[in-house]
Amino acid sequence: MSPDELTALLEAIRDRDVSVAEGLRRLSAPPVRDLGHTRLDTHRELRCGFPEVVYGAGKGTRELVEICKAICEEHAKLLVTRTSEQGAAAVLAAVPEVTHHARSRVLTRGLPGEDEGEGLVAVVSAGTSDLRVAEEAALTARMLGARVETYSDVGVAGLHRLLEAADALRDARALVVVAGMEGALPSVVGGLVARPVIAVPTSVGYGASFNGLAALLAMLNSCASGVSVVNIDNGFGAGFQAALINRVGAPTPAS
Amino acid sequence: MSPDELTALLEAIRDRDVSVAEGLRRLSAPPVRDLGHTRLDTHRELRCGFPEVVYGAGKGTRELVEICKAICEEHAKLLVTRTSEQGAAAVLAAVPEVTHHARSRVLTRGLPGEDEGEGLVAVVSAGTSDLRVAEEAALTARMLGARVETYSDVGVAGLHRLLEAADALRDARALVVVAGMEGALPSVVGGLVARPVIAVPTSVGYGASFNGLAALLAMLNSCASGVSVVNIDNGFGAGFQAALINRVGAPTPAS
Amino acid sequence: MSPDELTALLEAIRDRDVSVAEGLRRLSAPPVRDLGHTRLDTHRELRCGFPEVVYGAGKGTRELVEICKAICEEHAKLLVTRTSEQGAAAVLAAVPEVTHHARSRVLTRGLPGEDEGEGLVAVVSAGTSDLRVAEEAALTARMLGARVETYSDVGVAGLHRLLEAADALRDARALVVVAGMEGALPSVVGGLVARPVIAVPTSVGYGASFNGLAALLAMLNSCASGVSVVNIDNGFGAGFQAALINRVGAPTPAS
Amino acid sequence: MSPDELTALLEAIRDRDVSVAEGLRRLSAPPVRDLGHTRLDTHRELRCGFPEVVYGAGKGTRELVEICKAICEEHAKLLVTRTSEQGAAAVLAAVPEVTHHARSRVLTRGLPGEDEGEGLVAVVSAGTSDLRVAEEAALTARMLGARVETYSDVGVAGLHRLLEAADALRDARALVVVAGMEGALPSVVGGLVARPVIAVPTSVGYGASFNGLAALLAMLNSCASGVSVVNIDNGFGAGFQAALINRVGAPTPAS
Amino acid sequence: MSPDELTALLEAIRDRDVSVAEGLRRLSAPPVRDLGHTRLDTHRELRCGFPEVVYGAGKGTRELVEICKAICEEHAKLLVTRTSEQGAAAVLAAVPEVTHHARSRVLTRGLPGEDEGEGLVAVVSAGTSDLRVAEEAALTARMLGARVETYSDVGVAGLHRLLEAADALRDARALVVVAGMEGALPSVVGGLVARPVIAVPTSVGYGASFNGLAALLAMLNSCASGVSVVNIDNGFGAGFQAALINRVGAPTPAS
Amino acid sequence: MSPDELTALLEAIRDRDVSVAEGLRRLSAPPVRDLGHTRLDTHRELRCGFPEVVYGAGKGTRELVEICKAICEEHAKLLVTRTSEQGAAAVLAAVPEVTHHARSRVLTRGLPGEDEGEGLVAVVSAGTSDLRVAEEAALTARMLGARVETYSDVGVAGLHRLLEAADALRDARALVVVAGMEGALPSVVGGLVARPVIAVPTSVGYGASFNGLAALLAMLNSCASGVSVVNIDNGFGAGFQAALINRVGAPTPAS
Amino acid sequence: MSPDELTALLEAIRDRDVSVAEGLRRLSAPPVRDLGHTRLDTHRELRCGFPEVVYGAGKGTRELVEICKAICEEHAKLLVTRTSEQGAAAVLAAVPEVTHHARSRVLTRGLPGEDEGEGLVAVVSAGTSDLRVAEEAALTARMLGARVETYSDVGVAGLHRLLEAADALRDARALVVVAGMEGALPSVVGGLVARPVIAVPTSVGYGASFNGLAALLAMLNSCASGVSVVNIDNGFGAGFQAALINRVGAPTPAS
Amino acid sequence: MSPDELTALLEAIRDRDVSVAEGLRRLSAPPVRDLGHTRLDTHRELRCGFPEVVYGAGKGTRELVEICKAICEEHAKLLVTRTSEQGAAAVLAAVPEVTHHARSRVLTRGLPGEDEGEGLVAVVSAGTSDLRVAEEAALTARMLGARVETYSDVGVAGLHRLLEAADALRDARALVVVAGMEGALPSVVGGLVARPVIAVPTSVGYGASFNGLAALLAMLNSCASGVSVVNIDNGFGAGFQAALINRVGAPTPAS
């Protein structure tokens, strides 16, 4: 039940369109919907501002479809990350209006248009191979209502590409900065802007990159102030955090 | 030069109180002040909204005093982290109006009063031994203009202490959550609020805590959305980012 | 030879149904049965209360079948963990009355019914992907005679699901708590109950989860008292220990 | 408030020795006592069967004394682990009837006599240097009501010392097995008994022991069933867990 | 050129069966045979007592065949470790009299019969899955002239299997002890015998075994004296070392 | 009781110089002498050819003295490793005829003269800072009866120093090779000789040496055959195993 | 635009063959060419002396072809590393004059002949399996204009192969030394020459090689002066730096 | 014996100022001088262009003085790194003309003046705390004959400080780049210049810097071409390598 739906219900009760008994029934439904394998937290949107996001990895195809259907019965929006090719195909077949973003392995339903978002989140990435993670971050932030601009292939070994974009970056309320290998980009960006930077290490690299550990450690040790870090390849987490920050800057709903 | 000082200078030029030649001279001073060992970035306040913060560890006493004096000549505010006892005493003797916060090893000058800040940052910590890091975060956020409320000793093995505080936590624009050992607190807090959580692992623990590595990894793998992480014991970094987020929510200066 | 079988033999000798010479022959069989590749410990049930459990990983199909047949010739019960699909099929074909539990890759023979067990072991798991490990734990505990109740998808980011179950959890003699990612669940459960908690980290996660290392370290550093830990994904080990604890609480056989 | 005290209060109300209003007052005291730096969980004994244990490391002397005094005002029993020499002296001076166990750095008050405990916990250790951890485990288990027997210097390189003790070990309801270096002892003990073994790796060793990591990993990979593990040097945790298991075997209070 | 061949050549020169010029030609051939990709050390047998051993991993099939052919042109013996199925088939087709040992992925030519060896090396292994490594060790030691006896599936959780073999183990000049998981077996064996023990950790295990790291660290920290360690799964290295030790005990060739 | 003492006793019984009853009494003394903190294995010399060696680290001064006295009451020889300055002084004061080797922190009693040993063990070390470990190895091998020759400061960056010694090295029955930093020396030595090489990594180095881990890993991965490895800084272990190997080459006592 | 092309343009302007306006247009083209997924740095040759090198791993086939085509439109030379078989085939089909070096997975266009290079870079490798990395280094150095000589299969366990080559190695301006396993070769080579040595650890090995970590650590701890290190398997990086060093020794272009 | 000394000797022989017999005597002195604890390589200057450098850590004061005296008897130059305060004082007292550089803990004798060097090495460092390592690099490069320019406190979070210096950096033949924390500086510098960059990670940082590991991994994964890396805090190694590269660019001695 989204905040809007709850408001509507309470107003209906106030206006006597819905009886108190019926209101009671609807509100006393347990906030968990049990699918056997999964217990959906149906009040999360009310509590956290967004329905439960589905982490697609490690779920069977049948389970994934059941979860997606159940969420779509309760909510207008759906966000699934790390879907297999097979899982994506099954969900597309079973649930209407779902879009598959192949590069980032994300499924969305109810994704706002590129110009519809409010505020601004910038998603900056270092190399071509980091794009899959950057896209996951951008889609997540858009799903949570942010307008997003992306800047890709602006790694630190070619500073002029980044410096050209510096002014534009300063307009964002929050920045997601994605980089693999030595993970230096967040430190450089963090020195150029006065906004929160969410750094995402990626597993791009080889040898002593240790699947992203090098970039992760570098980002945790950033000499720039205002940088925090999420898990390796966790574009979703960074996009989510950036969107929450973006909301902090939103005019209060009631005002 | 702070934004206010710059505005004042430009207005003085507009109003012909200061000649263009003099304005040019003042503005063209190099933005770096070279102390031999250290090159102070004197335009950082203009660019990033706060003067350079001094990282006290690994600096000699004489160097530390010179840096603090130089900053205080340019700015009203000073923030030094990780000072030794000896370094703190020397700065207190040499620079007026500096306060030493012994538990967190922080020096401040120009710290706003507890009620003066704008917005709200919550600083939540798990155990008594985590207080030194929590205090560093709180002081940093206050220095950057945030109002701060602290909740200490609310670890996950005694949930009721945390649940009592849950409503209050939801009022914050950003939360800093500090924990050592298994580092579980940010996940639990992240599930209770819809605001950005900055997690700080601490080196509290022994054995397989590996000086905070266990808590760091736990926080990076948080199952709660909206959690990002800073370095082990980096209360400063978390407080800084929380204050940046808090500013995102501030009414725009011009409005 | 199980304790019951030994008792029966000794009684038969006492009652002269079996000659001393024959009893001697049966008892003097070497307690190891050598299959060439494997030496079965046939007295383990007598010594440890349960026949040797077969660790299916890394065994060839032919070897696995031979081992299972040999055990079933000596014992009524069989428990095999980590079987491949291929190995499971071969054992099912060769040994009667074996059941394959596909999710947990476990084979059982002689599994008691869900209501038959004595005492109570609770198996609590955090996410859908942790179910395979939780099932391994539950089957193991049931094979050793415990009654088992399971609570799944009660992760710490949605506390209310867990708090609802808290009273029921307090009825268990021992709890197995299964979680991947940040591994926080055992700490929270450990704070709610006064019974031994056996924590099982799982390899669920990615990036800085390092295949379960993050959860393992978190659990080893739990701030809750009364938590001990087994290897990553070792549902069997946790279920086995929980069943041993459950037996500690059993009325003594003779009484 | 201990269970006995609560029972007494309720009976007094039933018997009209205490008015309902007074009972209400006593029961509605907040279950947390706030010392500024620490918030004592005063209902833990009611909930978990034992008052809060004080982790002495990282606490200032003044804080430590205040915490010990506060606990002794509410409870008859006190258990402090990892106290410094200085902290121990201060508590001994300020709180009556406290005993300092120097080898294990433990403080106790209300420690039952060696023959008073119920049930049996065996504490087995590998080398002379492991004794400090073994003593912490034994004292903890005794504080929680268990009778304890200790077997020291029975490392695996001299098996006969261990085999001599095997029969006695089988009498315990739970075993704590303490070892550094290669950490092999729990596997060998686990193969000899059919009771739960709580393994404690110690930091005894050098070089590739990595401060106990080698022993920790060995214990987590034990080929013996029924072994679980606690943190390096965590004698307290193992003793606590063993005592909880010991209680599982206790005749139910009411019966 | 083997020592025998060299002796024969020198004697032929002495006896004028070979001219000095021809002897010079044969002896002045460069001690390296260059195959383009590989430079065979043809004097190694003279210098180290055994021709170069071929490490099959990472070599192309064509390269592997060329190397094996070149060695067999110079020497009667061939030992190849870690061959792929495909590489083994190609060598069998191209070089006569080669045997493929499938379990251990070893190729041999000129392997002495089981009773032909001199002295005694014992190869002891813990579990069924360790057999492939144990076989590699046994074949290597036999190729270097040792008689070998093997003891398998004698893990520490079932001590009686090992204790039965203890007397026989004391007859060996050197022992190879192979174990995965917690790697405790070499410590126990080292406490039973007064001969050198070469410990081989295997990658058998899962989770916190970290592909054999747990066993490796345990063995390096063995509390038993007289234990040294080779790389994970390095049966070859252990067998080689044991055979060198075995030769130390051989009656001197000349005597 | 040493083998010689046992032989003497049995011969005395045979010759009726000692009664069977008295022989029985002497032989049936328990093979463990319990000092409270330590249980000495008094039959180890009989079983393993050398009395128990005392690991001095982590033992209190009083404990150390008691152990040394007890051993010297049973045996002519004493070997203590890793003694503190303070512990060494106390043992020297309490036990007659003990020598303190300060560089290696070893105590000996009954050390044979440099020319008395049988066979030959070579101890080769890479740098000046590795000498303390090399000395521990050499003293240990001498205590176990080997003649020892040492070659120091022959690191791989100055090959000519090592090549000069190559012929002499080939005379040894076993070689101990000690190196820190990159740990390359055992591979080079292993390529020059056909005898067993026991490699000892040392903690000499800094930064990415990680206290000897770099050298340890290098040695475990040696491309030379016939190299096995002991723990970091474990000169004792290497000297012990080299002496055992040296004994393998000894003419059999009886012959 | 290469330096020569720029010179030509400026001269054409000077000679009035090109108008200033046209020169302006050509020079003001942005130095970045945006392919959507990738932003080519077209001035890198001007700035760094060589066009952008393509890192083939993690790029889709279509992307790879587009990037190669775009580079070949601007430059005569192309260097691609770590191409998949599939990617290589697609580029060969789409771009003329490209050569595929299968062993090293490198694509080149405009590779100078073996005798055309200037100066001398030596590429030394330890084992047959290291050749793929050595070839990547050699091709890279040749692409940057160096003459290259290679020395393969000269590992430290057979020193004479290396010592034979020592004189020739001293002629090089820079040396690339490639080794897996224990990574000792750079230390030995570094002790033989007075030229810069670039060490490349490879992932050749198993077990405790940890995919090249052992060799990497060994090389970082080299006791030889004048050794620096690149990432595991990074033949490209080593060849590039060696070629830069080689250029330092080149007669200045202008002279 | 330095190259100049050798030339002089040979010319003296040619000119009959020195007899052949005397020349033979001087040249046939063994190239190693044995101090008991240390064997000095007296021909290293001839072979490698610089006398042996003394690594001061882990050497006793007496040993250090003896080594320094011995070197100064053979050579005009002396370079000692990582001296303790105490060791430095003793060498200053015993050996004439030695200078102690306290910040970098280096001793020099025969250090050329700042303007005397040939060519140019740039030493760039990120923060004030990195200066000690940068100074070690600069002194080493000067001792080997390079002219050195230093650029300090130019970290990546304040890019303008670095960009100002970019043109000057391009004049160097080789660059040493020193940074702790996230270690990003070499990547940025490597993108600005076309000369070899030797990166030095420092142990500056805390928490997840793991004593310089974060910076080391970042530098090994640099996305900039032409970067190689030395050990953590190894200013000496980087300065040495840079000076060797600088020499590559020197006009050949003979010309």
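Note that the chains take the letters A, B, C, D, E, F, G and H in the order they are written out, and that residue 1 is the start of every chain.
Everything that follows uses one rule, which is that a contact is a pair of C-beta atoms (placed from the backbone, for glycine too) under 8 Å apart; a residue touches a chain by one contact, two chains touch by 3 or more.
Note that this is a predicted model, so its numbers are computed, not measured.
A.B. asks: Which chains contact both subunit C and subunit H?
C.D. replies: Per touch definition, common to subunit C and subunit H: A, B.
A.B. asks: Give me the chains shared as neighbours by subunit C and subunit E.
C.D. replies: Of all the chains present, those in contact with both subunit C and subunit E are D.
A.B. asks: Tally the contacting C-beta pairs at the D-E interface and at the F-H interface, and name the larger one.
C.D. replies: D-E
A.B. asks: Farthest from subunit A by Cα centre, which chain is it? Let me know.
C.D. replies: When every chain centre is compared against subunit A, the largest gap points to F.
A.B. asks: Could you please state the distance in Å, as a whole number, between where the Cα atoms of subunit F are centred and where those of subunit G are centred?
C.D. replies: The mean C-alpha positions of subunit F and subunit G differ by 50 Å.
A.B. asks: So how far apart, in whole Å, are subunit A and subunit C when each is placed at the average of its C-alpha atoms?
C.D. replies: Between these chains, centre-to-centre, one finds 39 Å.
A.B. asks: With chain centres defined as C-alpha means, what is the inter-centre distance between subunit B and subunit E in Å?
C.D. replies: 62
A.B. asks: Which subunit C residues touch at least two other chains?
C.D. replies: 127, 158, 191-192, 207-209, 213, 216, 220-221, 225, 231-232
A.B. asks: Which pairs of chains touch each other in this structure?
C.D. replies: A-B, A-C, A-G, A-H, B-C, B-D, B-H, C-D, C-E, D-E, D-F, E-F, E-G, F-G, F-H, G-H
A.B. asks: Note which residues of subunit G are touching subunit E in the complex, please.
C.D. replies: 128-129, 131, 152-154, 158, 160-161, 204, 206-209
A.B. asks: Okay, in this complex, where on subunit C does subunit B touch?
C.D. replies: Touching subunit B from subunit C are residues 126-127, 155-159, 163, 181-184, 187-188, 190-192, 205, 207-210, 213-215, 217-225.
A.B. asks: Give the list of subunit A residues in touch with subunit C in this complex.
C.D. replies: Going through subunit A, the ones touching subunit C are 31-32, 37-39, 41, 44, 55, 57-59, 63, 82, 201, 203, 211-213, 216, 231-234.
A.B. asks: Spell out the residues on subunit C that touch subunit D in their complex, using ranges where they run on.
C.D. replies: Where subunit C meets subunit D, its residues are 47-50, 53, 173-174, 191-196, 198, 216, 220-221, 225-232, 236-238, 240-241, 244-246, 248-249.
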